[in-house]
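For clarity, chains are labelled A, B and C in written order, and residue numbers in each chain start from 1.
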Amino acid sequence: MNRRRITGVLAAGLTAALLSACGGGGDAGSPSGATGPVTLKVLTWEPGGSEYWKQVKTAFEAEHTDIKLEMQAVPFDKYPEVQGPYITSQSGPDVMANNAGLELFDRRGAYEPLGAKAAEINKDLVTYSGACEGFDTSKPCYGVPFSYQGNVLYYNKQVLKAAGLDAEKPPATWEEFSAACEAVTKSGKTCLALGQSGTFPAYWDFPEIARNYLSEDDIRALLAGTISWKDPKLVSVLTKLAEITTKGWANKNAPSITMLPDGADIFQRGDAAFAGTIISDAVNWEAFGKALGDENLGVTRWPVINADAPLANKFSGIEGAVYGVTKWSEKKEAGLKFITWLAGKKNGELWVQHGKGQPLNKNVDKSLLPSSPAFQKIQELIADPTLHAGVMLSGPEADALARGWQQVTLGQLTVDKWADQMQRALERSPTKKQGK
Amino acid sequence: MNRRTAARIGRYLLSFALVVVAVAAIYPLLFTVISSLKSQTGFAHDPLGLPTAITFENYLEAFRRLDMPRLLMNSLVTTAGGLIISVLAALLAAYAVTKLRIPGGKLVFLLVIITLTIPGQAIIYPLYQTVLDLGMSGEYQGLILVYAAFGLPLGTYQLAGYFQQIPDELIEAARVDGAGHFTILFRLLTPIATPAIAALAIFNFVWMWNDLILPLVIMGGSDSKTLMVGVSLLTGQYDLSVPLVSAGLIIALLPVLIIYLVFQRQLVAGALAGSGK
Amino acid sequence: MTISTAPAPDPKVGKATAKPGRRRFRPGQARDWWLGAAMVLPAVALAVTFKLVPLGRGVSTSLESSSGFGESSFAGLDNYTRMLDDPTVLSSFRNALLVVATLPVWIVLPLVLAVLIHQRTPGWKLFRAVYFIPYTIAPILVGIMFRQILAPEGPLNTMLTSVGLEPLALEWLNGRYSALFSLVAVALWSFFGLGVMTYLAGLAALPDEVLEAAYIDGAGFWRRLFSIVVPMLRATVAYWSVLCASGVLIWLFPLIYALTQGGPGDATMLPEFLVFQTTFQFLDRGYGSAIGIALFVFVAVLSIFSVRHMFKEGTRKR
């Protein structure tokens, strides 16, 4: 410790000398004095885009003149590397975010639980259980969500027509989808635009199949790590996932590309009939409508495999990013004010207008909602939600799901072996150990 | 076919091979420039072809979204600081080890060089903790010193190798003339080593300028972003506008090219001086 | 543009004045000792503070079993023994060996190009300038570009098909080996210009007469290269080898990130990416550190010959 301090002082002295010698350098972040407004440091990956966050800052600061927001934006894919060191060293931002579900629960030690205030703060939200332990609002909640997220199947009406299909009646069952894919493939286009790399398979595709085999209790068991991947229900899910590619529905390079941007680009280019992507943020009705024309864009639920399954016709919905106050923050009051504001009506409206997202706040002015027919259809689809199976997976499980699917697609792995690998990944998940 | 014709054909073939490599080297840059002139939908429809309509909107947007003067200053201060300190520290260490031949010099040399093989991903947590312990997180000096430490081993090796070949007599003659060690190092050896220093400068400048993870982890806050961090933020969580990012990266590339052109002259001059021509 | 990494300032002078015998410190030179110590201090301080101390802390983390961000407990060598029967770890190191096997290409290709430029092959000025460009392009952009270029219907395959090499127009990133070697090729594309620059520098410091004599002598290109140029450039070749040996696995990291995420399966999984995943995505910091330490040992062993060479270069006594 002593040696480190000495070397540090020496090195710092050297730097200081150097900087002044260079004739400049600049002040290294001026510490704001004790007087004046409180400065809140907010760590964010800017879901919804930088324009939306600019609006948040302006609008919030206008309403709260005693608080200044200092946004620390980090690219989404670098977020864990920046946030991790803050959490282990218990230092850094006053407010930060994680995705609802296991990602948030794994980091709950970094957030100040809202306690009894949770219900009050979140009272106008359609749902906020994803911010609470085990999706249970009676347990500790760690923050505030304001967007709603989930997967739907977008389709290109022109491609369907060119393949001789009814563009107003997209395939609703697995069999119909199979037949449609045959027709589309014959017409020279890709049926389902797909990228199997990264975490997209786990969060976007898996829950849509899983709804046909799992009950809500099963999904909770998935979160707790108490259901085996060799369970017939989960093996069925994997089998159906495998069919998507082994039946030739997807583009050939699916195993080596990510859904974003590459998979979605195939669809945006008009080279594919279907793409399973999200309802909020990006690559949604808004972007696709711009690329293909609103009149050519259709939206439907992923095809149903088991019509009798209790969740088959529901929407696997999940809150988006959850913003919470950090445990080490010395400005918890101000932080609480900010996240409370995030849950409010004003932010819900900014989110719709500038973030192109699905708001959770019930009081958002309906006249602000987009008029796109695809958006309207999505409002119907999400009306009957259920738990989202994807966000229950741990990092190793999400990873093994993607890798196994790639190998199954390339013929290097059988579904049974894939299930074995999933089980190993579950047993290897450090954060699910306590769930047993 | 006589030998001379054969030789000429050989030369043409060689030139052709060099041309192929050159095309491979330059094509992706052209691709980026072309991408940066397309609109987002234009790119999605035809990522590879020439743009149907040229737009400078991406550049304007990049300038709108990035606080250029601030980002540029942050990048320049940290990169230049890291560069200068690593070269200075390397010069001193190389001189002490190769010319003063201090006892334990070999050990010092080994200690410095072995740090070259420490994988960066493995030490992000402890590195941040260390920077934090020193009270340097979010401060310029934190990033500058870390850059300096990361640039140090190769610089030390290169300069030590260079000094090694300079005869001791040169130094002893200067000593007899009454020159101190610092005079010898900075007035005599450094000019001779100009090419090596220029090479180091280019190599280090480029990676420090383009680095993402160290500035993100160490600098944190919004005001101390480097230019490359700013550019990387042009991508959203899910949407990646290749044209916009391309425009941002072309902007970020310009200072690198300028530095390259500046140091290139030093390289020529130094090499000539060094080889006594 | 010429960069001299390890020049030989007029060898004749060096030889004539070289003096045998090693200088040792005599008691009267105590002042020099203090001066020397002061001179190495900044370098030692930097290396210790920002590299060795974090490494030491990493080693101590690797001996802990951590579960997410919760409490961690001492686990001895568990994390290390766990690696031995983790198929992903094993295949990541196997892939690393495959990458290392391409090092001769990394060392020879830039050398050949540099020699061709140095002997004034027509157009050499242009080539000299153009070859350096890829190195200046930021890694995140390299990933974006090559995702397009390597696509099944991308420009690379279009080009191969148009010159009648259709069988070669693969789905580059889908194959067990083609994916890994595509990534290596992209990394090589990024860095060969740096190698050319490094070698040109070394070449510029050589006396022209020797090279010209060999040229007029009519010696074949390869013979000239390996029996005359390489021996004279030994120091530069060694420097570049060290740079490649210690860098190649790290240089691939951003490409893996942008292009394949280690897939398909674990075809392009390399230790550095696995450290990243284990530490930051799986939240298994102890295990991630252990893999990181294993990688450190791997790279250290790999570089040992080069490092030993460096060591000799740096401290050799005349």
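A few remarks follow.
One rule holds for everything that comes next: a contact is a pair of C-beta atoms (placed from the backbone, for glycine too) under 8 Å apart; a residue touches a chain by one contact, two chains touch by 3 or more.
Just so we're clear, the structure is a prediction, and the values are computed from it rather than from any experiment.
Shown here, the protein chains touch in all possible pairs. Set against one another, A-C and B-C show the most C-beta pairs in contact at B-C.
Distance between subunit A and subunit C, defined via averaged C-alpha coordinates, is recorded as 36 Å. Put simply, the C-alpha centre of subunit B and that of subunit C have 15 angstrom between them.
Each of residues 4, 8, 11, 14, 81, 84, 88 in subunit A touches at least two other chains.
The set of subunit B residues touching two or more other chains comprises 47, 85, 88, 124-125, 129-130, 134, 145, 212, 232, 240, 242. For subunit C, the set of residues that touch two or more other chains comprises 42, 46, 48-49, 53, 276, 279, 285. For subunit B in complex with subunit C, the touching residues are 11, 14-15, 18-19, 21-22, 24-29, 31-32, 47-48, 85-86, 88-90, 92-98, 100-103, 105-106, 108-127, 129-131, 134, 145-146, 148-150, 152-154, 156-158, 160-162, 164-169, 181, 192, 195-196, 198-199, 202-203, 206, 210, 212, 228, 231-232, 240, 242, 245-246, 249, 252-253, 256-257, 260, 264, 267-268, 270-271, 274-276.
Residues 1-10, 13-14, 17-19, 23, 25, 32-33, 35-37, 39-40, 42-44, 46-58, 61, 113, 116-117, 121-123, 126-127, 130-142, 144-146, 148-149, 154-155, 189, 193-194, 197-198, 201, 204-207, 235, 239, 242-243, 246, 249-250, 253, 271-273, 275-276, 279, 285, 288-289, 291-293, 295-296, 299-300, 303, 307, 310-311, 313-318 of subunit C are the ones touching subunit B in the complex. Subunit C contributes residues 41-42, 45-46, 48-49, 53, 66-70, 147, 151-152, 171, 173-174, 176, 179, 257, 259-266, 276-277, 279-285, 287 to its touches with subunit A in the complex. The touching residues of subunit B, counted against subunit A in their complex, run 41, 44-47, 65, 73, 77, 80-81, 84-85, 88, 124-125, 128-130, 132-134, 136-141, 144-145, 212-213, 216-217, 220-224, 229, 232-233, 235-240, 242. Contact residues of subunit A toward subunit C in the complex are 3-4, 7-8, 10-11, 14, 77, 80-81, 84, 87-88, 106-107, 109-110, 196-198, 252-253, 255-258, 262, 394-396, 399, 402-404, 406-407, 409-410, 412-413, 428-431, 433-434.
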